[in-house]
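Structures given as structure tokens follow.
In the two assemblies presented below, chain A is common to both, partnered first by chain B and then by chain C.
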Partner chain A sequence: MSNELNPYLPRPANVTSVKNESLDTKTLRFRLINWTAPFQAGQFVQLLLPGVGEAPFCIASSQSDPKHLELTIMRRGIVTTASQYLRPGDAVGIRGPLGKPFPVSAFEGKDVLVVATGIGIAALKSLILYLVENRGKFKDVTLLYGARFPEDLVYRDEIRRWSEKIKVIITLSKATPDWAGLRGRVTDHLNEVELNPSTVAAVCGSPAVMTSIADELVNKGLKKENIYVSLERHMKCGIGKCARCLIMGGLLVCKDGPVFRASEIDIRAIGE
Partner chain B sequence: MTSESLDAFVNNLETYGKIYGPVKTGESCSFQEISQSKEMALNYSRTMIPPKKFFLKLKERMFIFDERECEYEETLEDGKIVVFGIHPCDIYALKLMDKIYLDKNPDKYYQMRRENATLIGYSCHPDEYCFCQSQGTNYAVDGFDLFLHELKDKFLVRIGSEKGNKIASENSKFFMDVESSDIQEFREAEGKREKEFTLKLAINGLTDMLALSYESDVWKEYADKCFGCGSCNLVCPTCRCYDVVDNVNMDLKSGERQRMLNSCMLKKHGLVYGGKNFRPTRVERLRNRFNCKGSLREDMMNCVGCGRCTVYCPSKIDYVEVLRRVRGEL
Partner chain C sequence: MPKLTTQDILKLIDGLRAEGFEVISPLRINGVVKLAKLPPGEAPLLDYIRINNSPKDFLLPCRESLYKYRSTATLTSYGLKIRFPTAEGPCPVTIMPECTLPKSKIAFFGIHPCMVNSIRYLDKVMLSDPADPYYKGRRDGMFIAVMECEEGDDYCLCGMLDSYKVPAGYADLMMRKRDGGFLVRAASEGGKGVLALINKTQEKDGVPELVPKMKEKYTFDSTDEAEIDRRDAKEYVELCTLCAACTVTCPTCYCGDIEDEFSLMDPANVERTRLRMSCQRKCYSMIAGGTTFLKTKDARFKWRLKHKFPFSERAYQLKGCIGCGNCIAMCPARIDFRKFLGRREA
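Coming up: the complex of A and B.
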């Protein structure tokens, strides 16, 4: 087969494990069959379920292991729903890695703030893992993670492990009475993070949240070029041909992103 | 080349593949397979469907899959073709497509068809909808194999590629050396043609102007007229959005993957999971299309000024008029 030549042909992979993260979210681990995907934090893959369709997902595992990929998938559409029924041993197709990663070398020696809301944390997990694994290269690292209900929180065990190395702040906007932690939106808790003009921020969440966080961080003195957002759009090709993921300014999320500097794009484009 | 030898030359082109030329069908023109040059309407203004149809099929199979064996088999098949009588704007449009489809991740299907095709350009005269002069796409410098400029009783032929050179040398009996009188005639004809353009669009800084007009009322006004039918996408020579679907066989295990052209003017285009639509109304979709066309790809704008979207808009939305309104000229 001429996979190298045809970027549209998926390559085979097997499901090795399935982990329930929350009521509607699972983390699937895949073993790549006779190929590797040397990826960098922030990149994504196209997951093909034969007969169902294809959809893009950010890689949610460590870039130190290019033979296995993990994807955290919330049940929402056609492919994501079908993926909930995958069991260990099932065959899928994967294309990737695709897109531009976080320029992690530019983060070195600086304070790093990672802001995730909801399932947006899946797009940032590869970055968080890189930060945790290479903790010595960075100054203060903070994860600010917001969700609605307690049961929406994912990666619970991992967050506990990460919190030994980085500062973790979790806040719930619709907390139940028994919730002992912080309440409110992530923007309410930005004050608890020490920010300085050289702080680098990586943000992923719903479009409205990303816009407000980016605005808020600019207000707090961060440089626009140091704020990175990971965008999501409907994609078909993943390699800059089909233009389904076009955003303002003629940029394509698959090829020019999914990681953008807030200075590269029109902030309004996040929501459109 | 003399005008009389055109018939024989076109017949000889069969050696290089099936010949397609502009044929009058009803009120508009269309690139159709032809057997002799008489069938062509070479003084056509524009075809309804641009020549992108030869390279990006409306619907095509990408590969077949079998879930049991986890195998994906691409389907590549296509014969050689000659596209005769293509205008400069459409040549530029294909050059734009090449930038996208033949970048460092080349699209195999497009590449295959592009390599199998011979493009023969043909000079044209603008009508009231052409604004290629403003877009700088009224004279094709390259991107073709041969280009025929119609003069009084002969053609001045330019060679644009190695393939074109090969065709010219293999058909040398049709070609004569260019004389100084021919150059003079060509110069006069081109000078006269330059003055024929009536529709003008100021494109300087248009990209920024569109970004600044994000909140403009003009979008709402034209979106109220727009049917959201997507005709403009279909006829646009630079529109390339496509959609992908899997068709499963009755065994539910094997099937094929198809791709088909898509339209950013349709509601589904901006839809993501959970029902979130990034362009929920026609206002956003119309603005998005104009922003896309007005954005730069390297040094070229995503519009070649062919005028198709204006001509074939069922709601008579004038592309140039919209941009002038955005600029505040009207």
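Coming up: the complex of A and C.
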């Protein structure tokens, strides 16, 4: 059996830079050694830290550069905690790209709304970069980004750059008194976005938040087929053989997702 | 249709061994009937109703090595220290793929038609694109000799799920008990070849289909997702001890876990292993940070049934339950999903 055909084998990569995004979140940039990952916005990879384990992460870089990958990782479990100690030059293994991407060609000529809460913005960053780079293909593009505390906000420099091309709304639910921007949850600020029945929405956040945002968007007249959610599960194999990412309706997040239309799945059951 | 004696069966098995097969057949071990490697000279147990394990144990072992690689972990006086290799450091990570493919092909001798259906289900899951190379390596060239079943025990339900029928292409030999001997017919070219080894030839005659007698009959009204969710499982899950015997003994439960394993004596040699995982455990649906999607026993009991019926029918157009009844027979609380999903016939 040749190694190219074995989908379980990771391929080598090096850390080229580490950027602190917030207290517990870092963006790692990887150089792929002698291979490329021609990915599309919304796909994910399995990151293997030698001696620690493997975990899935959505790619948070532009699909125009398949030789480098960026992953934004928040300290949560075993692999994510170990990844905080990576330094430039460290070797890791990467498997991917895996999963189905956002169907960006279907977004063309329409208004696009991207709603992200917390670290969910990492799963949507590749999509936002695609929208910014190909700004002419879309009508109004809005990023609605919610977090809890000011120090939780990530991608500060990038958001400043993006705001020149797309509309950016940032809201904090537990803002400190010196916060000058918007306060409250993202669902409180959906009124500030002009929505029409053909608007396409991409949503990522914690399960309960995704349910409430998708519900709210449907109430505001968006079609369920035009609402895309990016789901999270702990995929072990990434190719549909371990069934650890099985969700309601018998869909596999690794093979059929991680990007789903709200019409494909029961949005109320995202948290189950 | 040639009739064989036990002596002929032994000759047949020797013939299979000579062709390079590792013969796995039901055996009585410590009082229970299990599928196991057949020691040379020993006759397989062909008069049985239930086996405690299933072909899954050989096709998807409960622990298998996917590959090995070296990390830079070292054991220090204050514990295990994992340092990632750096550009300046001496040890770049090398991945040494090492596959655990068996040297000989597998021959299942004397398994019941329900177990053959479980192999068909595992094939659908594991060989769908992209194929699992480890499963495929074991599966290729497999020989199956089916022992047809005449009567089920209290927990069998293949009569309701039609899984007493052997799917086309999944049997090489079909065996049936008759007057102290065995009626054998070849169902494939490979089977004909093996019969020829003991100088028995295939004669053409029609064989009536053998439908096993069920001791208890149930009817399933509907097994779709909404129906399973709607039903009240309280009286069933109350007794559940979360031992996960239902998923361990199930011939089609394929959910797995992949972990890095290393010995503390030599922590730099890491083995990436695949283990079996049960949906009855809380960690099955836990993601980083501790969020668990299947929080209650009730949700997990229903999840297993949903995976067997609506999810499998949708993804593979095949029922995940093959009606062996192992999950009922091996359950220490005798939780009977037949009563939950259907009603008993008089």
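Just so it is clear, the second predicted complex is superposed on the first by the 269 of 272 C-alpha atoms of A that agree within 3 Å, B and C clash if a C-alpha of one lies under 4 Å from a C-alpha of the other, contacts with A are read in each partner's own complex, and residues count from 1 in each chain.
Convention: a residue touches a chain if its C-beta (ideal position, glycine included) is under 8 Å from a C-beta of that chain, and two chains touch if they have at least 3 such contacts.
None of the values given here were measured: they were computed from a predicted structure.
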{"item": "Clash-or-fit label for the pair chain B, chain C on chain A", "value": "clash"}
{"item": "Contacts of A:23 with chain B and chain C, given as first, second, both or neither", "value": "neither"}
{"item": "Chain B versus chain C as contact partner of A:86, first or second or both or neither", "value": "second"}
{"item": "Partner chain(s) touched by A:52 [first = chain B, second = chain C, both, neither]", "value": "both"}
{"item": "First (chain B), second (chain C), both or neither touched by A:250", "value": "both"}
{"item": "Touched partner set for A:10, first chain B, second chain C, both or neither", "value": "both"}
{"item": "Partner chain in contact with A:239 - chain B first, chain C second, else both or neither", "value": "both"}
{"item": "Chain C-contacting residues of chain A that also contact chain B", "value": "1, 5-10, 12, 50-55, 76-77, 80, 91, 93, 207, 232-234, 236-237, 239-244, 246, 248-250, 271-272"}
{"item": "Residues of chain B that touch chain A when the two form their complex", "value": "62-63, 65-67, 70-74, 100-101, 103, 105, 107-108, 211, 214, 240-246, 248, 252-253, 255, 259, 262, 264, 269-274, 276, 278-279, 284, 288, 291-292, 295-297, 302"}
{"item": "Chain C to chain A touching residues, read off their complex", "value": "66-67, 69-73, 82, 84-88, 92-93, 95, 97, 99, 101, 125-126, 128, 130, 132-134, 137, 225, 254-260, 262, 267-268, 270, 272, 274, 277, 284-289, 291, 293-294, 299, 306-307, 310-312, 314-315"}
{"item": "Parts of chain A lying in touch with chain C, wherever the complex brings them together", "value": "1, 3, 5-10, 12, 14, 49-55, 76-77, 79-80, 82, 85-93, 206-207, 232-234, 236-237, 239-244, 246, 248-250, 252, 271-272"}
{"item": "Complex contact set, residues of chain A against chain B", "value": "1-2, 5-10, 12, 33, 50-55, 76-77, 80, 91, 93, 207, 232-234, 236-237, 239-244, 246, 248-250, 266, 268, 271-272"}
